[in-house]
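When the chains are written out, they are named A, B, C and D in that same order, and each has its own residue count from 1.
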Amino acid sequence: MPGLLHTEEGTTTRLYAAIAAEFVCSFLFAFIGGAALGSSAAAANGIALAVLVYVAANVSGGHLNPAVTVATLVTGHTSVARGLAYIVAQTAGCVLAAGMHILLIPKAHDVGCFAPNGISLGQVFGWEAIMTFLLVVTIYSVAVGQPDFGVMGPLAIGLAVWAAALTGGGFTGAALNPARFLGPAIVFGCGWGAAPAYIFAELLGGVAGAVISWPLYGTGLQFGRWAD
Amino acid sequence: MPGLLHTEEGTTTRLYAAIAAEFVCSFLFAFIGGAALGSSAAAANGIALAVLVYVAANVSGGHLNPAVTVATLVTGHTSVARGLAYIVAQTAGCVLAAGMHILLIPKAHDVGCFAPNGISLGQVFGWEAIMTFLLVVTIYSVAVGQPDFGVMGPLAIGLAVWAAALTGGGFTGAALNPARFLGPAIVFGCGWGAAPAYIFAELLGGVAGAVISWPLYGTGLQFGRWAD
Amino acid sequence: MPGLLHTEEGTTTRLYAAIAAEFVCSFLFAFIGGAALGSSAAAANGIALAVLVYVAANVSGGHLNPAVTVATLVTGHTSVARGLAYIVAQTAGCVLAAGMHILLIPKAHDVGCFAPNGISLGQVFGWEAIMTFLLVVTIYSVAVGQPDFGVMGPLAIGLAVWAAALTGGGFTGAALNPARFLGPAIVFGCGWGAAPAYIFAELLGGVAGAVISWPLYGTGLQFGRWAD
Amino acid sequence: MPGLLHTEEGTTTRLYAAIAAEFVCSFLFAFIGGAALGSSAAAANGIALAVLVYVAANVSGGHLNPAVTVATLVTGHTSVARGLAYIVAQTAGCVLAAGMHILLIPKAHDVGCFAPNGISLGQVFGWEAIMTFLLVVTIYSVAVGQPDFGVMGPLAIGLAVWAAALTGGGFTGAALNPARFLGPAIVFGCGWGAAPAYIFAELLGGVAGAVISWPLYGTGLQFGRWAD
């Protein structure tokens, strides 16, 4: 996979470019995905994510999601400093997207907000954890498994979100991403009661998806072409 | 194709990892695919299968379906011991998915169940046999034909289910997979009257799809990079 | 591209395998695509075609369409004898699919039939010619252009039908394929009044799509890896 | 990427072939994409664009959009003379498509026209600029980033339009392309009041998407395999 999950250390300029890519691509992902409605939402989010992982992969590794960044912290593929910078950039991108929705969509008082739909917070936790687990196990599989799946990696990652959102979207809105949850929550003040259920589930599911790659593929540091 | 249908013999650890991959990925496939509703179901199942074959391919070969495992038994690509372990793991994964549906979906008394919709059991047999034939002939084509289709293999396999389910989903629910049928049947007690029609059709269609690869491509053991 | 449009001469056995692949895959394409309904039809046909071109590419070149076979006759990539055998096999596969629809679908008196929907026969001719032109120019581009698009070829071919059918499906049903038109016409007796408009348009559009590849890419025999 | 954004200088014949490819493929893109209706429109446009970038990539670089051509002018990948010829060819192709819609669609008095849907012209500007930025940043990423994404490039480009149109289609119709706007505007006289908002936004968004590739990837002339 060209650049996927790969963070090339080197000059400070490259680090700034990586953070900028996480910011810009998270903005675009949340701007397109957050405003998609009804039966279009699953496809819009999955396809937009695939495209933006292609865009960011060679610059930042294409995380675009704090749950992914935390998972790569746990498995030692991202340093703490870089990880924190990514998470700030991802969340700022999603905040900007919500702000742009206010400017560009009439009566945009809750665009992109997540809320349980007829299920309990415990059930939200289960759905978001399993769906984020699927997302992160996909990321590790296409990037760590040898031989890898090369140029198909970003598409497979987007397809994981598309499939998850087709089913889970009706129950939780299918966030799978703390930054996507926090962007509209910060701007519109929506969803804070459910925030712990969403965010802890996503972090837990993401870390579990990364850790399970160890027995399946061996550790990424052995197999991979990553550096940080 | 990296790992597709490929089962790397070696340590017992690798075998355990393969069985674990079949269990985890069958669970995720049935969890996402089984709870998808209406016009989303075909896409959710096809896309989820593509993603999970990417995930499992390098570990277990990515069968995720007893009809596929039985077909590879017949063509000599999987040993009987491994095949039985895979089938148990696949079915257990689908049972777990149905159990998780009870926990995470309100009033989930028949989530993921299959039943004929306005057609006879004989017609169910025909649809499921032809659709599973399509699935397995696709698997063999992308993995056995030389030159192969490399990283596109898992996507093509998922697309086969997507297309089949768009048409056949309205008649049979488009199971194409005995484990997917058995998971909800065991947990919810649904569909047992139609079970033989579904399961025998899928096994027959799958074996036929594998056997037809002999005259078309030669035998896989000659062409392939498989071991078991 | 592994095998796409490629017909490997050699033993008579290989020729029989190629004809068998055209028959089996045309049957599966018409069986799945012909019975798809409403808003599912475009996706079902495009995705099924992509899958079946993956299946047949290494054996027969993956024509699955008399308009494609005639185009390759005109550009010298297929011999007359092979071309005639392919066309018979393609049409027989579509006839078998319509017969199977009778067995497996209740009240299947016009499954898969094509008819103009609110447009004239001249307009049918225009739509079918332009859509088949798009299909065949795509086939030649991904297989003849150098460097080629490798394993993406069959997917691009299926996507061409998917896009065309999303738009043109509402006007003509989006056949793009004389065998697909003839299968249900022979079995159910439907559509014969419009048959010349469909079939001549498809043949004309297909040949035009092949011939335009000469000024764009040079002749296929110079660039390609084809034999016949 | 085979040929993507790549314009091979050489004989005048090659230049004519490139201009012809931009004309023919822009016609097909506007013919299929412009007549797609309702919930089919996003998929039809994104998929058709992916297919036609595959078709044109090896001949013209596959711009099919004046916003893309202007962006490559700014970054020095296309000469002024070639760029002007491409823009004329793209617009002429879209005009021809609108004319063909008159012939082939009953009561086609506004097929393919773009107009704001419940938003202001300023909001149209924002949507079209951001969506075209997404499209062009995708193009540069898949073609300039090293290692590149090879045969997936045209698909990623089409997916960018598909995702954007799923969300933005309801507000602006999701043109992202001055030629697509101008074709029906010239033929049917529609949309001229909004023309500056659409066209300037698309050019601005496209150039911004190209320029941002400099800090992220370095300049294309350093990294790329382009010539002009």
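By definition in this document, contacts are C-beta pairs under 8 Å (C-beta built on N, C-alpha and C of every residue); 3 or more make two chains touch, one makes a residue touch a chain.
Keep in mind the model is a prediction, meaning the values are calculated, not measured.
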Residue numbers at the subunit A-subunit B contact, same meaning over half shared and different meaning under half, come out as different
Determine the centre-to-centre distance between subunit A and subunit B, using the mean Cα coordinates as centres, and give it in whole Å.
28
Measuring from the mean C-alpha position of subunit B to the mean C-alpha position of subunit D, what distance in angstrom results?
40
If I count partner chains per residue in subunit D, which residues reach a count of at least 2?
39, 150-152, 155
Based on which chains touch which, is the overall arrangement a line, ring, star, complete graph, or other?
ring
Tell me, which pairs of chains are in touch?
A-B, A-D, B-C, C-D
Which residues, counting only subunit A, touch subunit B once they are in their complex?
39, 42, 46, 118-119, 123, 126-127, 130-131, 133-134, 137-138, 141-142, 145-152, 155-156, 159-160, 162-164, 166-168, 170-171, 212, 215-217
Hey, which residues of subunit A end up touching subunit D in the complex?
2-3, 17, 20-21, 24, 28, 31-33, 35-37, 39-40, 43-44, 47-48, 50-51, 54-59, 100, 103-106, 150-152, 154-155, 158
